[in-house]
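In this document, chain identifiers A, B, C and D correspond to the written order of the chains, with residue numbering beginning at 1 in each.
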Amino acid sequence: MKEYFNNIYLAFSTIFIGMMVTFKHLFVPAVTIQYPNVKPQLPSRERNRLYVNMDDCIGCDQCARACPVNCIEIETVKSIPGEDLGQTTNGKRKALWVTKFDIDIAKCFYCELCVFPCPTDCIYMTDVYEFSEFERDNLIYDFVPLTEEERIEKKENHEKFMAEKAAQKEAELKAKESKNNSQDKK
Amino acid sequence: MIFDFFTKLTGSEISASIISALLPLFLFVLPFALIAVLLERKVSAHIQDRLGPMRVGYHGILQTLADILKLIQKEDIIADSNDKPLFNIAPVLVFAGSYAVFAAIPFTSSYIGSNINLGLFYIIGISGIVVIGILMAGWASNNKYTLLGAMRSAAQLISYEIPTLMIVVTILMITGTLNLNELTEMQSGFFWNWMIFGGQATGIAKILLIPFMIVGFVVIYISTLAEVNRTPFDISEAESELVSGYHTEYSGMKFAIFFLAEYANMFAVSAIVVVLFFGGYLSPIGYLGNTLGLPWLIPVEQLLWFTFKGVAFVLVQMWLRWTLPRLRVDQLMAICWKYLIPIAFVNLLIVGLITLI
Amino acid sequence: MTEKEIFEILKEKFCETIIEFVEAEAGENYIKVNPLEIDKVCSFLFIDNILQFDSLMNLSAVDDANGEKKTEEDGSFEYIGGTLSVFYHLESTDKRHKITLGTTVEKDKPDVVSVTDVWEHANWHEREAFDLLGINFLNHPDLRRILMPYDWDAGYPLRKDYKDPDYYQGMKVPY
Amino acid sequence: MALKTEEMTLNLGPQHPSTHGVLRLELKLDGEFIVDVIPHIGYLHRCFEKHAEAMTYPQIIPYTDRMDYLASMYNEFGYVVTVEKLLGLEVPERVEYIRVIMGELQRIASHLVALGTYGADIGAITPFLFCFRDREKILSLFEMTSGARLLYNYIWIGGVARDLPPDFLRLTKEFIVYFRPKIKELNDLLTFNKIFIERTANIGILPKDVAVNYGITGPMLRASGMKWDLRKDDTYSVYNKFDFDIPVGEGRMGTVGDCWDRYFVRILEMEQSLKIIEQAINQIPDGDVTSAIPKRVKPPVGQVYVRVENPRGELGYFIVSDGTLNPKRIKVRAPSFVNLAVISKLCNGHMIADVIAILGSIDIVLGEVDR
């Protein structure tokens, strides 16, 4: 019997305490923000969309190797002598044409492992976070500043250079051989 | 009253009854449901330190309209294995049950849908249709979750009618009438004449009655809360167990009708509590119409008072909902059979003895 | 109690079934047990008053990848022969000592006796080992796949030479 | 004549509001009563262990985040401790302190989700939002430290990715001051509510010996009355430098080891975590946090099993190294995976609503169950 009334008492008192808590919260200002109108202040270490500053990129492929999901694809072409690619901001001389630097941001899982090994600090994560697209292909970001023709041209240049070099070598070799041959004949 | 007025106006009893039957729907139930849904969302949001809907209109006041528009546009999905006729009738029945209650509710002294002598009895009886509707919905959906929800709901609604009736009988013993209009008029005067303060009784009987009337009010409030499936008694649509209970399979407009019925019901039971214990449409402090000498103002004021009282109880229902966890089905039954019914019985007995004084 | 002492006790009890005490270059040492006797050893460890290994911390199966590697033309490879291992990490919550048991089975006939009778904990871990590495636990009460679909018939994914099937229930697997 | 009845099979999940992910429970019902529960898992199996075999040791860290996504910091912590043991690496003291602060903050965040969703399972939505509101504060602290709110990749082998930001310690102190009254508020609102007690006390009782035999760990084991916490009993990092208690279930509202105990142990643990954080903030030394990070992680041939006290229990990593850059095998002893196995034993004889209560009190994260 005692328990019976105790139960009733407990039920009413605890419900009353709970209701007082919720009643107080009716007048507490909201902790949420009205998102698209008000945007949160993001800390400086925010890890969102990847960005590559191609002026500084030397095409060393370290970020692509560090990536656990292989979302970075880099292709490079060696420059031919006489071409000046300029320097990076921390004084490294660039020696490679980067003809492909694709980041598939749909694959990226924002671990930031690619940022740390970069020798020129040119790949980093920004605080841009709204970048949904209707087409999945639009999420593959191409960072190379060169136009399509330029890329082909660089490749061709390199191939041509290599071919010339090979031809030169061959010619040298031939010259050598013929020299040897003539020596042999002698 | 209003029916006679329309009979005179249109000259035909049929059209008059149709008009007076539809009047509360368009004047009261639909707008109320629209506001109540928004209110529920706003109350819950502010309790939870949020703001709730904010984007449609100023502070989201048009949100429910937008929702209704969305629900109307939605495809009406009927699964292959549903029992189609029952599936389609169920929401109608549920709404009919809860809407029919409004027929006997006295909104003002000059408007009552149907001023029948068995008003209270009629309300208790007609709301039983809701149980049939819910059982139908649960069965016809052909889904185990809905079936469980419907079974729980039926058991719950039928059990909780007993304490409700018991308290109604308690009131009946004091007032001696089932006519809601008369019942309200018997509480006229100032607020100390309300049933919760012992009604028209005087002297020692009044003082003795007050605690038992409060107990009676608490019991009937809890049991009506259970009858409209609100937390902590919402086991029939317990979303964490039964997904959504008996209306899991419903979508679009049919779901909206269930929703409408739920909010109509919330007000209906609040209205009953108000009529029984809080003087119905009566003003606690007198009428502005009397002081200004404008007799037509009095019904308007009464309607405002009635709505105010009803909405206050609806707000308490919401407040409870966003505070409390849910009971288990056996505990729900235990509360009814072990606590509410014995207390209501004892209350009935004591009030009966007091009225003899 | 150190691992060595426990090993001595076990050696006294089961001279021929305990195969050896393996000292690792790095990490932890373990006691190698015959796979068909492991349940006896474990129930002894569980019941014995001095040892009281009442808790199995972990049970893990490993593909040792030590068979003869046969590489196909398309780069896929297969191990012929080789072994699978199962490691049991035991602990006594009362006496506060831990040991590791290990057992090695041939890949062609990976039969290990289940220790579910001793520790209920082993139940799901053994199912996982069966699911992912195909170790057949004898006397297990409910040896079904646990993480992979029940009708997965393309082999055991954690084996080093596992190859994705082309289709699973009509769906192309590598999307 | 007895009425003929038959069992009903009810599939709870894989899509269900309160299975905390994609768990499927096959319930055999006799009316509302449970005859048998058969859990089916694997709907979120993402082959972590297979993936890990193809990756270098540092690359695995972001993957461990994704196992128990509510306690990512602790998953990293456990993994990193294991690899460091394999390498025989000593880390600077400041790193250890940072790891402990992060770990304990993560424990609070994780318990807040557990408690909040448990309230929602029982039917109270408001505590759920209150808990998430407080958790967001912790996530903001993590965000300013590591840059991400959920999957941090912050604790690295041999150190942490970056030093703490300048006002981190001040904000953490502020958080502690802010959070203590919130625990009381939660207690008022939910813990001591009569309906909540009715729903959880004496439900799903797990005795101590059964718990040990099933390998149950963490708050669940402690709720069964066993004083067992790896931070004290098999200490790692710098936990031996702090003074804190191990709360155990006392059966205050029912029997020892019931759902209410499991719930309440988590609340008490949050208070202990606050205590640890306070001490750690006061003791934290200065130093370089990245000095011990090795350039190439190439452990010697060997194997190691290391366990840490994850918010959900004993998180163990078993790593077999074959001396290359990639591990040969990583096996994760996931606490949720182990704790979930006991559900069929706990549920017998209870009702459908109790299954939800029991499942919530186990506090599973399906990402970790299926890996």
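Throughout what follows, a residue touches a chain if its C-beta (ideal position, glycine included) is under 8 Å from a C-beta of that chain, and two chains touch if they have at least 3 such contacts.
The structure presented is a predicted model; accordingly, all values stated were derived computationally and were not measured.
**Q** Highest contact-pair count belongs to which two chains?
**A** Pair with the most C-beta pairs in contact: C-D.
**Q** What is the chain whose Cα centroid lies farthest from the Cα centroid of subunit B?
**A** Farthest chain from subunit B, going by C-alpha centroids: C.
**Q** Closest chain to the protein CA centroid?
**A** Minimum centroid-to-centroid distance belongs to D.
**Q** Find the geometric centre of each of subunit A and subunit C from their Cα atoms only, then give the gap between the two centres in Å, rounded to an integer.
**A** 41
**Q** How many Å are there between the centre of subunit C and the centre of subunit D, using C-alpha atoms for each centre?
**A** Taking the mean C-alpha position of each chain, the two centres sit 26 Å apart.
**Q** Counting in whole Å, what is the centre-to-centre distance of subunit A and subunit B, each centre being its mean C-alpha position?
**A** 60
**Q** In whole angstrom, how far does the Cα centroid of subunit A sit from the Cα centroid of subunit D?
**A** Subunit A and subunit D have C-alpha centres separated by 32 Å.
**Q** Using the touch rule from the top of the page, what residues of subunit D touch 2 or more other chains?
**A** Touching at least two other chains: 126, 133, 189-190, 193, 195.
**Q** Of all the residues in subunit C, which ones touch at least 2 other chains?
**A** none
**Q** Can you list every residue of subunit B that touches 2 or more other chains, as numbers and ranges?
**A** Only 47-50, 322-324 qualify.
**Q** For each chain, which other chains does it touch, given as pairs?
**A** A-B, A-D, B-D, C-D
**Q** For subunit D, which residues are in contact with subunit C within the complex?
**A** So the residues of subunit D in touch with subunit C come to 41-42, 45, 47, 49-50, 53, 85-86, 88, 210, 212-215, 226, 228, 233, 299-305, 307, 314, 316, 318, 320-322, 328-329, 331, 333, 337-338, 341-342, 370-371.
**Q** Contact residues on subunit C for subunit D in the complex?
**A** Counting only subunit C, the residues touching subunit D are 24-28, 30, 54-58, 60-63, 65, 87, 89, 93, 96, 100, 119-121, 123-125, 132, 145-149, 157-158, 160, 162.
**Q** What does subunit B use to touch subunit A in their complex?
**A** It is residues 43, 45-51, 54, 319-320, 322-324, 339 of subunit B that touch subunit A.
**Q** Mind listing the subunit D positions that touch subunit B in their complex?
**A** 8, 10, 16-18, 32, 119-126, 129-130, 133, 189-190, 193, 195-196, 198-199, 351-354, 356
**Q** In the complex of these two chains, what residues of subunit A are touching subunit D?
**A** For this pair, the touching residues of subunit A are 7, 10-11, 14-15, 17-18, 20-22, 25, 31, 42-43, 45-47, 66, 68, 109-113, 116, 125.
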